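Chains: A, B, C and D, in written order; residue numbering restarts at 1 for each.
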Amino acid sequence: MSKLRSQIDVRLEFPALAQEVSGRPLAYLDSAASTQKPNAVLAAMERFYREDNANVHRGVHTLSQRATDAFEAARRTVARFVNAQSEREVVFTKGCTEAINLVAASWGGANLGPGDRVLVSHMEHHADIVPWQLIAQRTGATVEPFPITDSGEVDLASLEAMLAAGRVKLVGVKHVCNALGTVNPVAEIARLAHAHGALVLADGAQALAHVPVDVQALGVDFYAMSAHKVYGPMGVGALYGRAELLEAMPPYQGGGDMIRTVSFEGTTFNDPPNRFEPGTPNVAGAIGFGAALDWVRAVGLGAIAAHESALTAYSSSRLAEVPGLRVVGTAPERIGVFSFVMDAAHPHDVGTVLDRHGVAVRTGHHCCMPLMRRLGVPATTRISLAAYSNEADVDAAVEALHGVRALFT
Amino acid sequence: MRKESSRMDLQDLYQQTLLDHGKRPRNFGPLPEATHRAEGYNPMCGDEVRLALLVEGDVVREARFEGCGCAISQASASMMTQAVKGQTVVHARELFDRFHAVVVRGEDEASDDDLGPLDCLTGVRQYPNRIKCATLAWHALKDALEGERA
Amino acid sequence: MSKLRSQIDVRLEFPALAQEVSGRPLAYLDSAASTQKPNAVLAAMERFYREDNANVHRGVHTLSQRATDAFEAARRTVARFVNAQSEREVVFTKGCTEAINLVAASWGGANLGPGDRVLVSHMEHHADIVPWQLIAQRTGATVEPFPITDSGEVDLASLEAMLAAGRVKLVGVKHVCNALGTVNPVAEIARLAHAHGALVLADGAQALAHVPVDVQALGVDFYAMSAHKVYGPMGVGALYGRAELLEAMPPYQGGGDMIRTVSFEGTTFNDPPNRFEPGTPNVAGAIGFGAALDWVRAVGLGAIAAHESALTAYSSSRLAEVPGLRVVGTAPERIGVFSFVMDAAHPHDVGTVLDRHGVAVRTGHHCCMPLMRRLGVPATTRISLAAYSNEADVDAAVEALHGVRALFT
Amino acid sequence: MRKESSRMDLQDLYQQTLLDHGKRPRNFGPLPEATHRAEGYNPMCGDEVRLALLVEGDVVREARFEGCGCAISQASASMMTQAVKGQTVVHARELFDRFHAVVVRGEDEASDDDLGPLDCLTGVRQYPNRIKCATLAWHALKDALEGERA
């Protein structure tokens, strides 16, 4: 089967792509916001609801056992996908944002004090900044940005100097930048941080679908994930945490399943990961997450990355054809994400015009206001690719960008 | 397979007058002697309008704005300042109400006196996610008139 | 159409019910743990993923606009279902447990101090107790149980005396008890609490599917909900909060969409409900929640309640036939939930035997350890009914219970 | 439409010996002179086993338990105490390993020396959600032997 042929097949597995928008075939170039879902993922969730639906962990009956088995199998799938040592290191959450908030509230609440420092890169997502600001407010710690270069890469020398200044308890960094596409040197950052006694939380929201993730090789202490960014459903994600760290962390939220015994005199708590999963989990969501990772594995992350890399090169050269268009973020290590500004029009107007050409892109600050300010742009238009993206999508975008120029100049 | 309306109506949104105001906004700049000020900010897209009014007695003598954003928010601010300059405060408030009724609540502008040159902003009604761009400066106007004297 | 006929129709809408377990038709009597989902709910979510899937709030493109419209329509559906004054009073959460944790962390964190008291009933769910214990630990407040009677009803006189003793900031109570089926007099509790300057949080997890909920008539300040207990999907729920309370509450978690501006010098926050919804929400889940409430409305909550009430009476008399079986919780105001103990066998063994008769029930403490201790039982077996339950389900359970006696005596 | 295995195998789980031990547990009661103690608790269902051992030299002289729970957890505790009483500590540990191997890891008991009277506890293997009931007392045994002298 030729490469092109298999690419066509992959695309057919995504029902949402087979539609017209504004009278044109949809060119969905907003995968960094949320990926489309393949039939395999939808079918796995549908099957669960039609055959096995029940609450988990608490039931002696067959459906509950099946639901529990499927839920725990999904946990093992996530653990294996990121090469955790054990599935007990995987906590299911609502998404990547909740995973980071969990660490900030539980680990941060117990381990940060006045004068302690949390460093996050200047290109971080709001989800990597604000949870730490909130806990810092409560604990007296500070949250400081470590610098990035004009090309959109972390400045390791500055990071090291900031670490050397002392009292850094944790370094937070995106594995892959949603706004620029930069793949950050997480292993190197972890090495530096650990050398100075700080932990590392990597935000893997944009990584999982595009680059191999091995939490042990990266050497990270925490790794946050969202299913909906890797062909899975919304409303579910996961936190990887090193076993001994999770072990020592106090509860994050209270409720059923996270307890051992409850009384008004004193409540005791369950072991991880249950300690951090109060209440009914999103069982169908976890199953969909597992099915999504199975799908990626079956298609092959290597094949996907190769496809995306070729399409990234193609996009690069096609975008260069559009006069007055400037891509921001030019790190050599990057995935298929292009943030750009145009002389002719504001990103918001670009987005509207593109939509009327059937091209879906994101415009704005991409939840990275400090990065936008750092790069001196109020906002950008962003094109982001996935396994199902193809040259026709990019062509449609480029044609529409010419339309923008025609309309506004 | 779903079909959406074509993109013919882009011209309805980006009419020549609007594009012109977007590119060369009128009344853009500081107004140090302002008596009323307000800011509008759209966290979704980062559009910003800082409005300054000079109100003497019942009349809006001067209206200027600064800020940045898309063509629609800038054009809307530009045309709004033109529309209220020299008008009474009461009339400016009425204008806000009428604009709001037409653009946000989708009332037919023909039923009332028309919006005059502001008409070209009503194309935004077909673009729900752009309505806030068009109303940003107007909310700043309302806030400025309701606020304390600066 | 006769009543029976329409009941048969309702049942056919639930695909998971049409299966055999242990060679018998499944008798699903564990609806209080999680209800089954009608086709309409599954179809609404499937349709979203197949046609409109995109992230919300942040996009200028058509799919994102459709997703946002559907998400906000679901919010209005929830608001109308519980008669909130405005949809801005409805915050989407992961579930009922998260809704309560949100109030405890945000409102509690800002409003509780040393010596302040939170009262929750002795029959509360762990989700109504532990979040308050966690925040009490941080703030120096105390969490105290207010008593219940032997029949499983709240003791209003004692509650009033405890309120009169002063410093009560909030009263937490389940609208309907998941373990006993008791419908608590929430309006009366709210009246008492407000008279003493305390707020009221009602846990509506078990109410929504069975009794009419009108947050304004109940006079509650907060109301917590789970979609999966009312024919909706897992992984989504909602918090109703009175507008002026939500307005004044600090953020709960940090991330995208909950902010106005982010910078390292200082971050400002969005208005409710967005302030409390960081990150990508469970859009498909919210849509499924809305579809579930629409389904309840279409079938008619009155018709459902009448059906369940008749079946509750039937179950009562059939269970009375089983020698050595004692139902705990005999409040006159109750829904179709039966917790019982048997002389012959421990609940856990009862559950296993019933499962082998195709009957799905819950056994254990039902996340109500303090209640179990209060009633002097280590655990119970629980049968719980829903709109699709029928006499055959109850008959199968009773036959299996006779089987338990035969096996163990 | 899914089919599950029938309920014929209930008899495999609830064998007469097991039911008998469940109803009239042996070695039930306090052991004030115990040298080793441990508790087992299953938060899922509330089963509780408090185990007390009197170890003299290398030998488990006495083993008693208290607690409450389902037939399986109580029978398992009862039979476990019978099995270890009078045995060496080393043998008690081996018994734990063998029981664990058979019941949890599902190894075929025939491949090794058989479990003797404990055999009737192996029916639980068909009931994944009941395995913890059967192993509760055994984990308490392991903990007690590993723990400090009381």
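Here is the rule we go by: contacts are C-beta pairs under 8 Å (C-beta built on N, C-alpha and C of every residue); 3 or more make two chains touch, one makes a residue touch a chain.
The model shown is predicted, which means the values in this text are computed figures rather than measured ones.
Visitor: Name the chain pair with more contacting C-beta pairs, choosing from A-D and C-D.
Guide: Between the chain pairs A-D and C-D, C-D carries more contacts.
Visitor: Centroid from C-alpha atoms only, then distance chain B to chain C, rounded to Å. What do you get?
Guide: 46
Visitor: I'd like to verify one number: the distance from the centre of chain C to the centre of chain D, where each centre is the average of its C-alpha atoms, in whole angstrom.
Guide: Going by mean C-alpha positions, chain C sits 37 Å from chain D.
Visitor: Taking the mean of the C-alpha atoms as each chain's centre, how many Å separate chain B from chain D?
Guide: Centres of chain B and chain D (C-alpha means) sit 77 Å apart.
Visitor: Residues touching two or more other chains, restricted to chain D: which are they?
Guide: Residue numbers touching two or more other chains: 2, 4, 44, 129-130.
Visitor: At least two other chains touched by the same residue of chain A: list those residues.
Guide: Those would be 19, 21-22, 51, 58-60, 62, 64, 259, 261, 348, 352, 363-364, 369.
Visitor: Give every touching pair of chains, nothing left out.
Guide: A-B, A-C, A-D, B-C, C-D
Visitor: What residues on chain A touch chain D, complex-wise?
Guide: Residue positions touching the partner: 51, 57-60, 62, 64-65, 68-69, 259-261, 270.
Visitor: Give every residue of chain C touching chain D within the complex, in rising order.
Guide: Touching chain D: residues 18-24, 345-349, 352-353, 356-358, 363-365, 369, 372, 378-379, 407-408 of chain C.
Visitor: With touch defined as at the start, can you tell me which chain B residues reach chain A in the complex?
Guide: Listed in rising order, the residues of chain B that touch chain A are 1-7, 9-10, 13-14, 19, 23, 44-47, 68-73, 127, 129-130, 133.
Visitor: Which residues of chain A touch chain C in the complex?
Guide: 15-16, 19, 21-22, 26, 28, 30, 33-34, 36-37, 42, 45-46, 49-55, 58-64, 94-98, 100-101, 104-105, 125-127, 129-134, 143-145, 226, 228, 233-236, 251, 253-259, 261-264, 267, 278-285, 348, 351-352, 354-355, 359-364, 367, 369-370, 373
Visitor: Given the complex with chain A, which residues does chain D contribute to the contact?
Guide: The contact residues of chain D facing chain A are 2, 4, 41, 43-44, 128-130.
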